[in-house]
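In what comes next, subunit A is part of two complexes: it sits with subunit B in the first one and with subunit C in the second one.
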Partner chain A sequence: MNGPPLLTVNNLTVHFRLRRSLLERSSVVVKAVDGVGFSLGTGESLGVVGESGCGKSTLGKAILQLVPESRGEVIWLGQDLGTASSSSLRMIRREMQMIFQDPLASLDPKMTVERIIGLPLRTFFPGLSRDEVRRKVLEVMEEVGLPRSVAGRYPHQFSGGQCQRIGIARVLIMRPKLIVCDEPTSALDISVQAQIINLLLQLRQDYQMSLLFISHNLAVVRHLCDRVMVLYMGKVVEIGTRDAIFASPRHPYTRVLLNAAPRVGNEARGHYSRVSLQGEPGSPVNPPPGCRFQGRCPRASEICRKEEPQLNGARESNQVACHHPH
Partner chain B sequence: MSDAITAQLDQDVRGISPLRASWLRFSRNRLAVASCGVMALICLMCFALPLCFPFTGNDADFANLSAPVNLASIHPFGTDDLGRDLFLRTLEGGRMSLLLGFFGAIVSVVVSVCYGAVAGYLGGKIDALMMRTVDVLLSTPFMFLVILINLMLGRTNASLFLAVVIGLWLTPSIIARSQAVSLRNREFIYAARAGGMSSAQIIVQHVIPNSVNVVIVYSSLLVLEAILTESFLSFLGLGIQPPNASWGTLIAEGAQQLESDPRLLILPGAFLALTLLSLNYITDGLRDAFDPNDR
Partner chain C sequence: MTDKCADLPVLSVKHLSIYFGGRGHAGLQVVNNVSFEVRAGEIVGIVGESGSGKSQILLSIMGLLPDGGRAAGSVRLLGREILGLPQSDLDGLRGAAMSMVFQDPMTCLTPHLRISRQMTEVLVRHRGMTERAALSAAVRMLELVQIPDARHRIQFYPHEFSGGMRQRVMVATSLLCRPAVLLADEPTTALDVTIQAQLLKLFADIAAEFGTAILIVTHDFGVVSELCDRIVVLYGGAVMETGLAPDIISDPQHPYTRGLLAAMPGLHQTPGTQLFTIPGQILPGANRPGCPFCQRCTDKIPVCATERPVLRAGSGRHIACHVAGRAEVVA
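For the complex of A and B:
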């Protein structure tokens, strides 16, 4: 990584307050994201993995300032988005865009494809003429592999993969520097997944875009990402380069996660033993003291129940938050 | 270059918009389409036919007081005790009722959808304040509001119109608001916000268009309710003032002379009943066509 990072996240925290009832004053706090920090360089792609409900999607939305409850710093090219005025936030939003998990739900059912894709452009450049917008829309449609003839159709007339292409086209038309991909392939068929992943890879090469790739599909992350961040219950448990994480994971949870992914052939006789997890992750409402993973961890000891482990930067390629790393 | 693209696009198969799909479903419903025909006929009669008469509904014909029904005469359905042509008066009254009904419904829908969309999308304290206002208005007796408006604005057609709208916009605004609340957390709204749109832009371009099909079904019911409300207020003497007529006032007059001359009640009553019946069938057809559960 050279030069200042494109995006730096410090101590990002999203706590949702749930009020039990109208009369009860006391409220329950759900710690969806709890003190997450990382940085992302230009052209770099970071994979965010973890099981369902660990705060991956919330993290993505919080970075784009779509979650009003978020606290902490999100620094975009030296500017803190939390304190940015709404007009400068608008300008920055041109450069960071998001692709969503459910391709159909992310498209307005009342709009034609042409209108959906052109909308960000018309929002940011109201002066553009209709023909200019149309020309750009058709250009970008071609780029993501949508035939021109479908420009007048409505989202419900498309398959999931095509809807995701529309979503990508809408993002791409702004030529953003960062795309947050919130499980863009999890709702798609395997064959279509591959097409979408290859499309993202291609675009990343062509435009030097950074990706924050949120997924629970480890194979996809391995294929697409330079670095990997593992989340567990709203906390970063391990972050490192792809090779380091996949070759020698240090956190017990990462090991379990990698083990759970199916493998084929020689790889199947893995070099680490098969462990599967017992039980459910604890509730994010009342996390236990100490390490959040202790209840399910095969290596848990006394200190894990008392003291919360911090990310340690002993090795640059692979940081881990664990008292007993591998 | 751009012209060629435009031409090509227009040549290609255009998609079927959700609105057009609903319209196609509606057009297959024969009863609803027939009711539309009846409504069109009633409107045509009320608005065009009075122009063919050499006198107006307020002109008294002293030579023919309380003339009986005689289809061959100049007063086909007779006159009332002041010599006014009954058929013509009914048509002119219908003009008033229909105008108030349709415009009252349209204004109510527009107001309620915008109000509900703003409250539902913004949420929080603004939502609470806006919806509590609706609750307060809903729990205030309607007649009390109407009398208040009459006191403030006088008994004009404008105050009647206002009363109709105030009586009608509340319930659809609650419907529109709940739709907006459910839209707020949809992913395409997140996408719009990530795409830099302001709240106002999102409400106008995303929330309102997606709330309309929920309210559109209810809105056809509103036409019916507006006509009924107008008739009801006019019947009580709070609406259209004599000598002008609406179906409500005509029915009120007719009801007083029910024993001596039932025609006075039957003619405007039949028109009102036919209109309401057709509107009912149209509403049914619209609901079948737009109901999202049907798909």
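For the complex of A and C:
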């Protein structure tokens, strides 16, 4: 990594207040993201994995400053976004973009493809002429593999994979430095998923774009990401290089996740019988004291119930927050 | 039951075709001449992408095709023809001899009724049990699918369970009458991997313990690899390749099966390299002449565009392709 990182996140915390019921006055706090920190270099891609409810989507939105409840530091090229003026935040937003899981739902059904893809340009560069916008739209459509002839069509006329391409084109037209991808291939068929993965790989290579890739699909993360961060109930339990995480995971939860993922091949049959993990993630409303994974952890001991483990940077390849790492 | 009976398939689907709109053989055909069998204790996976007709096959077996859908061919459950039975007869079978679980449990659980009521209703209606006996049977079934504190939780409403537990509640409900056949449409797709693993184990246990025949629809070769004895690969409403799951996964021969497996990121691929992709996209309808996969196939020869390949035997499987496995036929 050369120079300062593109993005540094320190102690990012999102606590939502929920009222238990309409009648009750008391509220509870959901610790969706709790003290997350990492950094991301230019051209690097970081995978964020974990079960539903672990806070991975909230993390992505909080980085883009879309969650008012968030606390902590998000530093973009040396500038703290929390204290940035709204005009400089607006400038920075051009450089950090997001694509979503449900490609159709994220596109305005009443706009043509050309308007959808051109909208960010018209918003951020109102001085551009109509022809210039059109030229750039067609250029970017070609890059993501959409034929020019479909520019006048509406989102509902496209398949899921094509809609995801439209979503990527809309993001790409700003030439962002960072794309936050929230489960971008989860709703797609296998053959279409491969096309979108290839497109993202190509774009990374061509434009040195950084990716924050949120997914529950470990195989996709392994294929696309240089580093992987594992979240459990709003906390980073392990973060490291792809090879370290997949070849020698240290946190018991990372091991469970890797073991539980169904694999293809004949050695796979009956693997599920090895999965020892019972139960489901606890509630982020009332996290247990000590380590949040202790209730499901095969290695839990006395200290895990008392003391919360901190992320340990002893090894550069993968840092782990565990009292009894592998 | 004699040995002869045990050999009979529990579910036998023959020459099943499904049409939407129009009359007779007009309208859009979504499933074309599909045949397969499921035996007691066996788990068969139907694999295909969206638009392959895989869900419509399950719905037609249950007699639940949406309005405008028509099925032709034969579906035999325990030797009895059930395709086209009147709804009143099907009501006696659904939930009793065959039952179905869905991707989204809320499509079959009623949000405003307690689980106890929803589960006991099945037993009272199909088995004529008393409420009391039905309740204790329902609690036992919840315990079997590992719902902790089942006696207490059976009084919950569906929204009080997490997604994974709701899925297990649905599986428990579908198993109450010990159906001969359990149909499952993408039952684990919406779940986290750890919960998915628990559910897959549950399916395997059910098939082994009760001898339930399980037909599972999925797009996930990982699920198939771990769970299924045999698979049926579907494309454009027709069977492309079918046989023992380990055979097909280790040595896919149909160009479509090969393409699908190669397109999946996995341990055999070098990270960061371009994945294999199947060119083009799925076209709707299953009644074009020629092979349904023809437009996207990289191995096609002229006859593929004009003549529909028939399923034929080849190296431990059946395959519908003019090109794949030709050498063996000649030999």
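Some points to look at:
Keep in mind that, in the parts below, the second predicted complex is superposed on the first by the 309 of 326 C-alpha atoms of A that agree within 3 Å, B and C clash if a C-alpha of one lies under 4 Å from a C-alpha of the other, contacts with A are read in each partner's own complex, and residues count from 1 in each chain.
Please note the rule applied: a residue touches a chain if its C-beta (ideal position, glycine included) is under 8 Å from a C-beta of that chain, and two chains touch if they have at least 3 such contacts.
All of these numbers come straight from a predicted model, not from anything done at the bench.
In the superposed model, A:303 lies in contact with neither subunit B nor subunit C. Shared-chain residue A:285: touches no atom of subunit B or subunit C.
By the touch criterion defined above, A:29 reaches neither subunit B nor subunit C.
Judged by the touch definition given at the top, the superposed model places A:108 against subunit B, while subunit C stays out of reach. Of the two partner chains, subunit C is the only one that A:219 touches; subunit B does not reach it. Across the complex, subunit C meets subunit A through its residues 49-50, 146, 148, 162-165, 192-198, 200-201, 204, 219-223, 225-227, 246, 249-250, 259-261, 263-267, 269, 271-278, 281-282.
Contact residues of subunit B toward subunit A in the complex are 1-2, 5-6, 8-9, 12-19, 186-188, 190-198, 201, 205-206, 209-210. Interface residues of subunit A, counted against subunit B in their complex, comprise 61, 64, 66, 90, 93-94, 96-98, 100-102, 105-110, 112-114, 119-120, 123-124, 131, 134-135, 138, 148-154, 156-157, 167, 170, 174. The touching residues of subunit A, when paired with subunit C in their complex, are 51-52, 159-162, 189-195, 197-198, 201-202, 216, 218-220, 222-224, 242, 256-257, 259-266, 268-273, 275, 277-280.
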